[in-house]
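One chain, subunit A, appears in both complexes that follow, with subunit B as partner in the first and subunit C in the second.
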Partner chain A sequence: MNQYQEISWQGLWKNNPALVQMLGLCPLLAVTNTAVNALGLGLATLFVLIGSNITVSIVRNWIPNEIRIPVFVMVIASLVTIVQLLMNAYTYELYQTLGIFIPLIVTNCAIIGRAEAFASKNSVQFAAYDGLMMGSGFLVVLLALGAIREVLGNGTLLQGAEQIFGEAASNWHLVLFSPEQNFLLAILPPGAFIIMGLLIALKNKYDKRIEKLVIGEKTKQTIERARVTTESA
Partner chain B sequence: MSFRVASSPHNHVKNKTSRVMMLVALACVPGILTQVWYFGYGSLIQILLAVTTAIAAEALCLQQRNYPVVKRLKDNSALLTGLLLGISLPPLAPWWIAVIGSLFAIVIAKQVYGGLGQNIFNPAMAGYVVLLVSFPLSMTLWLPPLTLVEYDISFVDTLMLIFTGYSETGYSLAQLRVDLDGFTMATPLDTIKTGLSNQQTFSELSQIKVFSEQLGIGWTAVNVAYLCGGLILIFLKVINWRIPVAFLTSLFIFSWVCHVASPDGAATASLHLLSGATMFGAFFILTDPVSASTTPRGKIIFAVLVGLLVFFIRQYGGYPDAIAFAVLLANMCVPLIDYYTKPRVYGHTTR
Partner chain C sequence: MLNIHPISKASFILAAFALVTTGLVALTHLLTEDTIAQAQENAIQQTINQLVPADMYNNAIAQDCIVKQDVNGENIRVFRARFDEHPVAVVLESIAPNGYNGRIDLLVAIDTEQRILGVRTVKHTETPGLGDKIEIKKSNWITYFAGLSVTDDNQKNWAVRNDGGMFDAFTGATITPRAVVGAVKNTLVWAQEQDLFAQGQTCGEKQ
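Moving on, here comes the complex of A and B:
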């Protein structure tokens, strides 16, 4: 397994920011009531994460160790501002739906966590790739959660896709069933917690099997050690 | 003739889980029959739906968790959860209400926490609250007592209302709740809740059709029936007297004080005690051996807390009845209550 493969494996499954590190739960639970909202926030986070990883990696040798955290926060905050202004300009409806959760990307621990744990110690190309993979891992979970909640709650999927993809996407949404009454629990925050818990349980259930599939059968380690005491029995 | 001598203990306690659960279920029967008498066959169908789903969900979970399915199912706990949930549902709610509720009760509120004996929250009430929060419209559509309904509702009508939403003659549930004068008839507690928030006085409200002599028609009888069932359970020592007594006393005191303080702004204590799910909750919900407090003093604190919460939510909250919310909130406090009320162990000095 070369380093790129290792980074992908860590970001997408083994060390997934949402399912394993459980970072950035606040936006994860708050805005995933529809798949489109989740996708919007996931893409914004992905962009910020790649940008901040690249920037931090470039300047990592000039930052005094004592003030590294404020510097990282400044970098992340400027990138979030850029994303916010871009979304305000091009996806105005989505910008209004996500509201406060776009500026709150600054406080997403997954981003500063990667800056601190990976980007400040690795070269630019690895840092950028790590940002891409961690961001994608977050995005996938966000999208899954959003899709499940939207289907359970409203019986639709990708409702409002035109908010991201433009007018061409206005007929993309699927109506799976039209309930008389929406299943409010799935749309409200408690439902997000419950479904998130079930997703984590599902991940843990198939953890071993997928690890075997991806990494392959681990060669059984034979531990050789010199006995310093005689065996008792 | 062999004369087999068994070793001690020679006295056997017959209170196995399955027997306790079955006795509680049987003690519900008078209440259920009264409910059927006043509110129609709907309750029976809801109970059947809820029990079937609960047992199926329990079997599926046990099988997934590699437990002996049939042996575990025989403890009757899933049956009781389904039964309690089915009783609390509005008789003519759509069929998927009972199914979703009991699925949630068994899978999320019970099995995810580790199965029988491990759940923090009362499964039936957790399922009920999920339904109440998710589908407020269906969950508050109680039919008024049959004596007040303008149309005859046959068994076929009940079935069709539950499974299709319309009776055989084409009436929807909302239409059936309207009396000849065009007023929608709600439950007594609901009537009082909406009336008081519309600046009406309690004495004005108690003139409305659903009341007779300031007590709800039908609801009083249902509550008395559950009271009888509960007394049998106490007599058989299946449940402890502390929880029902403390709960009913605290609810009585709080509602009595409030009614005396503002006779027009609050319902009477007797209405609080004999309306909604009070008696059913006192004897069948609060006494759940798993999620209620287990120490003698703790039981009293737990029950008084529920009484206080029930009164506050009924009087000031947004929902007409409050047993489910109050029980869940008090369930959360149980580990703390149990910790501070540990009885002194014989031989140890008090701290």
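Moving on, here comes the complex of A and C:
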């Protein structure tokens, strides 16, 4: 397994920010009531993660160890503000729906976690790729959660796709069934917790089988779990 | 050899980062400012188009806008629709402060006979699946206001059914429609006492 494959494997499955590291659960649980909301927040997070990983990796040799955390925070906060302004300008309706959760990406531990645990120790291309994979891992879980909750709660899928993809997408949504009364449990936060728990259980159930499939039994190695904080040097 | 204390060095680096990052944010702000204002205006114009029939007025309604203080002391915007300079309708922002999860922002359109042309929910944080039926996307409940007005005779009917009024409440959510009905009624009563077509502080000056 070369380093790119290793990074993909870690980000998408083995060390998935949502299913394994359990980072960024607040926005994850709060906005996943529809697939489109989930996609919007997922893309914003992905973009910030790639941007912050690249920036942190570029400046990693210039910043003294003592001030690295404030610098990371500044880089992340300004990137998020930029994303927020861009979304406000170009995806206005989606921005209205996601509201407070865009600025909250700043506090998504997955981002500072990757800056600290990976980007500050690796070269730019690996850091960027790690951002892409970790962000995609997060995005996939968000999307799965959003799709399941939307189908269970409203009987639709991709309702409001035009908020991201423009007018052409206004008839993309599928109506699977039209419930007389929405299934509230799925739409409200408790449903998010329950379905998230089920997703994690499912991941754990097939963990060994998929690991065997991807890595193969012989080359199986002990993979270190990502630490959000480093040990003091 | 210049000897810089590590703390000074760290401070300089930190300051440099602060400057660069805030600079980038400021730059993005400058570049997106107009687009954001345009998007906001489009959103308002779209809602207004749903409320006031386009053949009723011929002025640039989104620009013909003044700021007033409503009953609760909140600054609200008033958009005036005119046909060849004659007042035909106003579109007012209305705030229901007592929603189930905080305030609900509404737009209320009223014609010159003090009849409601229509009401739309602009922004709210009510419970999805219960209170969010005040959105036109979710339910046509909000269209029930069209054509109504407040008179001395029907004052009492301006309440939800549970309170003895004429408006349906939603199953499991009475507080939300109660807040909306109350806000629309207050806005109507308030608008009757105001001269909304007079000159006033225009919206651009609001900061």
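By definition in this document, the second predicted complex is superposed on the first by the 218 of 233 C-alpha atoms of A that agree within 3 Å, B and C clash if a C-alpha of one lies under 4 Å from a C-alpha of the other, contacts with A are read in each partner's own complex, and residues count from 1 in each chain.
The rule is simple: contacts are C-beta pairs under 8 Å (C-beta built on N, C-alpha and C of every residue); 3 or more make two chains touch, one makes a residue touch a chain.
Every value quoted in this text rests on a predicted model; they were computed, and no experiment measured them.
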Which partner reaches more residues of subunit A (counting touched residues only), subunit B or subunit C: C
Touched partner set for A:188, first subunit B, second subunit C, both or neither: both
Touched partner set for A:89, first subunit B, second subunit C, both or neither: second
First, second, both or neither for A:176, with subunit B first and subunit C second: neither
First, second, both or neither for A:69, with subunit B first and subunit C second: neither
Partner chain in contact with A:26 - subunit B first, subunit C second, else both or neither: neither
Partner chain(s) touched by A:78 [first = subunit B, second = subunit C, both, neither]: second
Footprint overlap on subunit A, where subunit B in one structure and subunit C in the other make contact: 181, 184, 188
Contact set on subunit A toward subunit B in their complex: 180-181, 183-186, 188, 190, 194, 197
Of subunit B, residues touching subunit A in the complex: 94, 100, 108, 112, 130, 133-138, 165
Subunit C to subunit A touching residues, read off their complex: 6, 9-10, 13-14, 17-18, 21-22, 24-25, 28-29, 32, 35-36, 39-40, 42-43, 123, 127-130, 171
Subunit C contact footprint on subunit A (complex, rising order): 33, 59, 62-64, 66-67, 70-71, 74-75, 77-78, 81-82, 85-86, 88-90, 92-93, 96, 153, 181-182, 184, 187-188
